Amino acid sequence: MQKVYVLCTGGTIEKVYLESSGSVQNIHGKIDRYLQRLRLPGLRVQTLRLMNKDSLEMTDADRYQILRAVRKKLKKAAPIIVTHGTDTVVETGLFLKRNLPHLQVPIILTGAMTPLGFEQSDGLQNLTESLLAARILQPGVYLVIHNQVFPIDRVRKDRERARFVWKRAGGRSQMQEAG
Amino acid sequence: MQKVYVLCTGGTIEKVYLESSGSVQNIHGKIDRYLQRLRLPGLRVQTLRLMNKDSLEMTDADRYQILRAVRKKLKKAAPIIVTHGTDTVVETGLFLKRNLPHLQVPIILTGAMTPLGFEQSDGLQNLTESLLAARILQPGVYLVIHNQVFPIDRVRKDRERARFVWKRAGGRSQMQEAG
Amino acid sequence: MQKVYVLCTGGTIEKVYLESSGSVQNIHGKIDRYLQRLRLPGLRVQTLRLMNKDSLEMTDADRYQILRAVRKKLKKAAPIIVTHGTDTVVETGLFLKRNLPHLQVPIILTGAMTPLGFEQSDGLQNLTESLLAARILQPGVYLVIHNQVFPIDRVRKDRERARFVWKRAGGRSQMQEAG
Amino acid sequence: MQKVYVLCTGGTIEKVYLESSGSVQNIHGKIDRYLQRLRLPGLRVQTLRLMNKDSLEMTDADRYQILRAVRKKLKKAAPIIVTHGTDTVVETGLFLKRNLPHLQVPIILTGAMTPLGFEQSDGLQNLTESLLAARILQPGVYLVIHNQVFPIDRVRKDRERARFVWKRAGGRSQMQEAG
């Protein structure tokens, strides 16, 4: 039986509509509920909730918490998926890459532009893709989203088009340099 | 072939998730798209867009516009459904009732607590109920929502429980007195 | 707190897709699961499973069983919904009407052309309509489906168009005469 | 802009519920409609309908037709997905493998246990996985389904458990030997 860890941190993919305020927020997780819609014979998925935050509100302390959780799970030699808000998912991914130089499994970051369960959501697509990518990618840190597999240092968010695009190799992000 | 008019004014039932801002807003209508999921043989549904507003932002001028549209359609002797934000739907309904004393068809106001197409939305339920109510209710002004049929002067919104509840007969709302 | 009984007998509305045979059959009920998607504040819904049959396979004994269950629940003075296969729902309804001459609540039969949960299903629409009709109809036996309310002796199924249509008053079905 | 071909042959994934007969059949395709629910920036998906058959009814002539279509598209050097009934998908896959010895792109067969759009369908999951696999797998013939990637000569259907399982390397199917 193969295994995969899913570390949940919040972000749009898990936002819920709050009737009292008419807004969408990170209140309670829902990755687990949607994973149950997938058929995953022969795979043991273990989800862990680290936090439930809009990624614009993530602090350095939050990223260290994610790093510690990833390090702990790496001892099990199973692939790791991190669900994350798309606004700073690349920063978190680069931070993990810098601090985890000798990976033996793939670490896959993913998220969504529209929350799971909302019309036209890309959330279940991205979870499905990440779970397949976890099975077949080489060790490394990746962003998997919208049928695309980006090594984490080759991607940036194009906010206006609500998608991720390739970045020239060698480009460096601020967080990476500060890390 | 029977006929029913659906006058759309916005409100939560038609809100959409905006990826660029991560918020829900009234941008483009969607009542029509969801009505197509219903089987309505022998019924001609004509939808009209009056505005697309959060009902907290509705002005007196907006309510007069709704009143004029309702008056115009009343000449056709067909039931009228008005989709509306729930925050001020009762005010609008009381305003219509005050100004339309000799109704010969039912006027049904409805809306939703969660937008159409979001998980756990009550929007399609309320549209379905309103379309059936339009077939069988006596002339009058009603709020139809969540399997309940309220004469418009007998209902108030219970915000904390995100539902509508019965109001003692004879209770008057501010808008009605000012009208 | 108002109450309504939902007596489940099977039919297309509850059919499930069987992967082993590639067919749809009445195996396990699903009315309850779909009722949970509706918001029904102030209403207590009690579902009872009588049988789970394609209505073409219903026998006279089955209809007597339905009659006995309805009679028992009538003592509670709450409306009754009977979910049923569409092929013989009119026969069952006429049988109930003949045998229950002094009704004080509405008895509503409903069903679906496509099973609950299949794309383009009319099942949840018909359940939603029946629950509203149960609140507002006068005593009598009705078929409620596709935004239509038929007194049971005024309706017949139009198989080719997959819908129900009005029947001339005074028309009699074989089952009614034999009853 | 990358490209992928999707060759549709029918099977459970495309079955529809027929109201007139109460059965599920291959009548009209629906792969295209469901592909539109996925976000595939930077990917040009071209679907081609070859046939729309339950795979138990596929003949040798049908498999030759699939082979010819695959050969034609291979000239474009883009990955190819073949949607197919699960009962004989392995036979078709082995037939393609035998007859296409020098592949330079992946050929991915997929299907579903429950039709697209039916509750608990695995169809969209399998399409999503196949489209990601088409991006990253090495040349070869594969079955991609339920988060699993099987080289086509290493898989068999376990009918009772409605899933696919690994087969010992070197095991040969009848079709392959006859081919």
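Here the chain labels run A, B, C and D in written order, and each chain numbers its own residues starting at 1.
To be clear about the criterion, a residue touches a chain if its C-beta (ideal position, glycine included) is under 8 Å from a C-beta of that chain, and two chains touch if they have at least 3 such contacts.
Note that the structure is predicted; figures quoted are calculated from it, not measured.
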item	value
Listed chain pair B-C, C-D or A-B that repeats interface A-D [over half of contact pairs the same by residue number]	B-C
Euclidean distance of C-alpha centroids - subunit B vs subunit D, Å	47
Distance between chain centroids, defined by C-alpha means - subunit A, subunit B (Å)	40
Sites on subunit B at which at least two other chains make contact	113, 120
Those chain pairs that satisfy the touch definition	A-B, A-D, B-C, C-D
Sites on subunit A touched by subunit B in the complex	12, 15, 17, 19-20, 22-24, 54, 113-120, 159-160, 162
Footprint of subunit A on subunit D - complex, ascending	37-43, 113, 120, 122, 124-125, 128-129, 131-133, 135-137, 144, 146-149, 161, 163
